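Presented below are the structures under discussion, each in the form of structure tokens.
The following pair of complexes shares a single chain, chain A, combined with chain B in the former and chain C in the latter.
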Partner chain A sequence: MKRKDTVKLISADEMEFIIDKDAAMVSQTIGGFAEMELGEVTFPEISAVILEKICQYFYWALQYSRGKETEFHIEPELTLELMMAPNYLHT
Partner chain B sequence: MLVEESEDTEKPERSKERVNVKGKRRYSREEKRKGKLLVESALDSKDESLVDGSVSDVELLAQEVNLSDEKPSKKNNRRTSQGRMERFRDTARQNASRFAHFNTQEEDDNILSMEAESEIPSEELEEKGVEDWPGSFSTAMKIIRDRAANLNVRQGSSSSDKVQSLQIKWVPQKCKRKDWSKRLPPSLLDLSLRVLVDNADAIASLAHVPDALRHKLCHMLCDSRRMNSNFFDLLLNGSPTEIRLKDCSWLTEEQFTQCFEKCDTTNLTILQLDFCGHCFADYNLPSTLARSPNSLPALTTLSLTGAYRLSDAGLSALVSSAPALRSVNLSQCSFLTHSAIDILATSLASVLLELFIDDCQSIDAMLVLPSLKKLEHLEVLSVAGLESVTDSFIKEFLIARGDGIKELILMDCWKLTDSSLKIIAETCSNLRALDIGNISKLTDTSFGYLASGCRSLQSLKLCHNAFSDDAIAAFLEMSGEVLKELALNNVGKVGLNTALSLARRSRNLVSLDLSWCRNLTDEAMGLIVDSCLSLRVLKLFGCSQITDVFLYGHSNAKVEIIGLKLSPFLEHIKTPAQGPFQYSSV
Partner chain C sequence: MGCENIEFDQGWGEMEKGIEKLKRILAGEKETPFTSREYMTLYTTIYNMCNQKAPHDYSEQLYDKYKKTLDEYITSIVLPSLKDKHDEFMLRELVERWLNHKIMVKWLTRFFHYLDRYFIIQKSVPALNEVGTTCFLNLVYEDVHPTVQDIVLSLIDKEREGDQIDRALLKNALEIFVEMGLGQMNRYQDDFEARFLQETTNYYSRKASKWIEEDSCPDYLLKSEECLKKEVDRVSSYLHSSSETKLIKKVQHELLVVYVNQLLEKEDSGIKVLFRDDKVDDLSRTYRVYNKISQGLDLVANVFKQHVTIEGTAFVQQAEEATSNQASNTPGGHEQVLVKNILELHDNYMTYLNSCFQNHNLFQKALKEAFEVFCNKTVNGSPSAEILASFADHILRKGGSEKLSDEVIEETLEKVVKLLQYVIDKDVFAEFYRKKLARRLLFDRGTNDDHERSILSKLKQQFGAPLTSKMEGMVTDVVLAKEHQSSFQEYLRNNPDVHPGLDFTVTVLTTGFWPSYKWFDLSLPSEMVKCVKVFKGFYETKTKHRKLTWIFSLGTSHINGKFEPKPIELIVSTHQAAVLLLFNASERLSYSEIVAQLNLAHDDLIRLLHSLSCAKYKILNKEPSSKSISQSDSFKFNPNFTDKMRRIKVPLPPVDERKKVIEDVDKDRPYAIDAAIVRIMKSRKVITHQQLISETIEQLSRMFKPNIKAIKKRIEDLITRDYMERDRDNSHMFRYLA
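Moving on, here comes the complex of A and B:
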């Protein structure tokens, strides 16, 4: 993957997730950030587990909008925290 | 069919009472036909106007239908066994409720149809227009009329000519696309909420969950009937700031008392317990909400709709424990009388912003008038369903308080006439929202007043009104730019002129309700939807004339069309403002 096509998302506990820019565009907030900065966004309030799930969601949403409609499974234990993160991310 | 047969056999048996009963019977048969049509439309529009509280009307009409269905079988049973007097008494009994709940709209329909037969030429109408309507509105009306080649506005053969002359030029998109909403993936928030609602019992704590998300959860749980006292406990845990429960019908008195007794209410700013009649009465107030004077010090917004056991004394206790109240919703609290409003006015005269007393049948509007006039900063008043609201009430109240009023809900106040609208236009210069649904006595003159008077009107709701296509079109030409929400539910005369004006003027329109407007074609709808670029919600219940040509041919990607195919529509019922008040900030 070329560097220009990717975005790096960093969680509160400093885990780094590198994803495609297209996937990151699902979130309007990240899309806005990615334009400006070096291609790195830090989320001091979101933990690694949640951020991982969010990245999975981005890819799933991308697939969905391209026609492949599947189920996105969320583990119930994650849901409360997961619900509060998107509020901030506008997804 | 059965009714006609039985009437024929009964005819020779009657003597002097024949004229009266026959006359009654004939009228009631007509009425019955009309009644049946009305019932269908009322029952269907019920789906989309649940919140409006017109349930009582529907139940009445449903009873009428039941009565008319029972009629033939009852007559067959009784005819042979009992005497003539019994039969007349039965007839009277069966018809009594229909006459007791006389539907003024049917009377108006009769009047309108009589007018149509007499063919009032449009010149005469324009003359009247010059006299009655303010200058610019009559100009607008003239422009609308001149749009159509023929001047005769009345129905009959001219309507087909009018259709030909008003060509709506709209061509559907060539490429047929699938349902657009399927392409957008559901948001992560929605997905998480759904999982949470399914597993609500497993939620251990709602700490750190912001109020907006709590409200969404409650809303979804109430809709799916999964709300229970465990979740209620979670909501009341800690020191909650906002509680919004749109449906408390599942809550028992004991649960309510237990949960609320231990709740720390010092930070509670919004409390909404709708449909709480089952759990809420005067005697459990002292232990729950009205524990002591000032036990709800921060409460600014209170909604206790359906608290049918709340008396004036109970309300007094509540008001003394919540001195900072600024928005009070007491809809369907049928036990409250005008003294309750007196209490509100005495304690909250300088702070109360919003008051809702929909369907409070024991409140007489004229007796409440002095108290209402004391409320210095009132912005929102809802008296929907109060039959005692008359023109003089509106006049006296608005002359005193009209300039501060921003929202006025007068739905079902069927006694009002055009003169009320004149007063509204003259006094309420800041009016943002108006609901005049089901007021059948209003005529096109009202639109003239509205167009000239209320220049900042953003939301207008009509339902079952008798306005003409031209008047609505002219109003839109003048005031359409500011309008964000428009409901023309069951305004039968809406047609191509309105469609054209909507397309030309309503740039900012977000929500449009055109349910039961059967004169609108696919082309008209397409033009509206493609021109109103801000449109997000379009309700089309009962518009069976709309086909796939429009549904798949329009090019507005963001609009959601509700009411045609099977689509979830409960989500679009207006949820209350997320903040504590509709118009002011804290």
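Moving on, here comes the complex of A and C:
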């Protein structure tokens, strides 16, 4: 996995998630950030748990757009916080 | 997701910091690029400020601030920088500022992106991007665009005159015009293109008027081609692609359409000269260049047609004058030359048609029309149809005067057939050709059957069977006659008692195929009478129901003349022979005696006697020995006649059949018209007057061009003969009566 094609997402509690750039692009905001430099984005307001779920969502969204229509399961406890994120991230 | 509301000023303070940093970056000052952290902070600030509950939802204020930021930036920095610059520098500055502006908008849009997602839709206000462009448009563009236009146009002018200019700069500048249209091309078109096209028109109009005076036709065309190339290049380099068609059209018009006639008809270098000097490249260029202009080729084809017509007509003139200036040594020699010239002309121009003009049908048409003009002129009293027939005749007589090879003959005959398509009165040609064919078949012993058949099949292919059916019959007749003759010889061998004592050949012809010949009630010498009887007997054994009519005027006789110096064999026509044999009985005869014995008309007899006594060979002596025959003359056998040859041919002067041929053809035309009309009526049943006339003309066009009065006359005639009737309700309609 080449360095260049990945993006690092850092949560509020400093957990690092490295995902493909393609996946990250699902979020228009991150897409905009990632254009800058370093390929590293920090989200001081998003916790690691949420961020993890978000990364999963990115991959699922990619799969879905490529034709694989599966379900995306969300644990109910996460839903409230999870819903704020997309607004911010524009996904 | 903190719960404290951010106060507007506080939040805006954060934004200001970012914006100032951005400005510094744009101004080229030393500044670190934005980190993602900084970016995120700015974005988040906006995000938060917009998501706060009212009255802390600052979306609208942020939107206004965004706009104000841009306005302020432009007013404080951009405008001043443009103010004191001119020309190219101003252009450069403008382009730079625009690029900077775009970058600023891009970044700000990113920061303020959240507004784009909800606020603008909610409030139906323009998106951030659009706002960005609009600010620039209102504050900068509106002010400067006339000046910019001037600068751009003057740069283009410079380039046209040969200077190098900064093309990238122009490209960028013109892009501004396009982008200011916010998706429409109207700014580009109104603020730049319109005047650009106008100036282009003026520029090329000036150039054209100069060049047309100074340059030769090929040079002018070269220059035009160059200019067009350059303009296309210009479009691809820095103009907007939508300008291309309009631009090219204008340039083409100014350079090529306005002056086309003057150009192509230039004295020393126009089309005439190009043809004369075989300048294939220049001609091809002319075609290429004019092909791209709609209806451009019409103009060129026109000039082409005129040129060909003039050349052809000149040849015709030449022939006319040559014959009137001097007595030609070969009768019709100038006409032969004329046909040769015309054929050559045709070949030449067909080559041009194929090589330079891509066999374009406009030019084909022009060529055809040109040839039709001069191929139907009468030269020295002979209609062109006759001239062409004589030409063909000439070739077919033992290969003409020069020994031509078979291929050359075939080729020439092919060309003659081609030329015939331009002659309108094809039936006149057919008649002349038929008469000459008859003479060739009967008198010219060296005729080549293959060539004869080949030209007939070519004619049939091109013009249809009616033209050639009779002639084919004639050729077949001659072949059949040979067979008849051999069976006749056998008959004589088997019945030696009926042999008349003379060696003779009979050629039996089918009346319908051959031209009509005058019939003379000639009193034959007794030896010949016997021959006729014998053959009649033989023929009756072959077929019972046919009638034989003897045309002695077409026959040939070989007579041995016992002259004092030496005996000479005379080859004469049967009529001439009849005259000469009278002198076997008496030494001297008067004109009236001869008339009584032969039973011939005066005109014919005079001709005969002339050929025997006043022409080259004086076989008979005439008293008085004048040059012409009168009815009071008397004739004596000339025993002292001699010639260095042992065998001579005594020709008869040819009768001028021209008038007769034309009369005959004219007589047949009404029948052809009738037949055509009936054919049409039979298939259509009902037809209008106009249509009937046009269809009749079309059907008959293969043979001749009927005139409308004649057609009308025939229609009336057919009505009286109950072939058709006028429709009761509509006098312009006709109905077929079965």
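Just so it is clear, the second predicted complex is superposed on the first by the 91 of 91 C-alpha atoms of A that agree within 3 Å, B and C clash if a C-alpha of one lies under 4 Å from a C-alpha of the other, contacts with A are read in each partner's own complex, and residues count from 1 in each chain.
Just so it is clear, contacts are C-beta pairs under 8 Å (C-beta built on N, C-alpha and C of every residue); 3 or more make two chains touch, one makes a residue touch a chain.
Since the model is a prediction, treat every value here as computed from it, not as a measurement.
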Chain C versus chain B on the shared chain A, clash or fit after superposition: fit
Touched partner set for A:A61, first chain B, second chain C, both or neither: first
Spatial angle chain C-chain A-chain B, Cα centroids [nearest 10 degrees]: 70
Contacts of A:F72 with chain B and chain C, given as first, second, both or neither: first
Partner chain in contact with A:M84 - chain B first, chain C second, else both or neither: both
Touched partner set for A:F43, first chain B, second chain C, both or neither: second
Touched partner set for A:T29, first chain B, second chain C, both or neither: second
Smallest separation of CA atoms, chain C relative to chain B, angstrom: 6
Common interface residues of chain A - those touching chain B in one complex and chain C in the other: 84, 87
Chain A to chain C touching residues, read off their complex: 28-29, 32-34, 36-38, 40-45, 81, 84, 87-88, 90
Footprint of chain B on chain A - complex, ascending: 26, 54, 57, 60-61, 64-65, 67, 69, 72, 74, 76, 79-80, 82-87, 89, 91
Chain C to chain A touching residues, read off their complex: 1-2, 33-37, 39-40, 43-44, 47, 51, 110, 113, 117
Of chain B, residues touching chain A in the complex: 182-185, 187-189, 191-193, 195-196, 199, 202-203, 208-210, 212-213
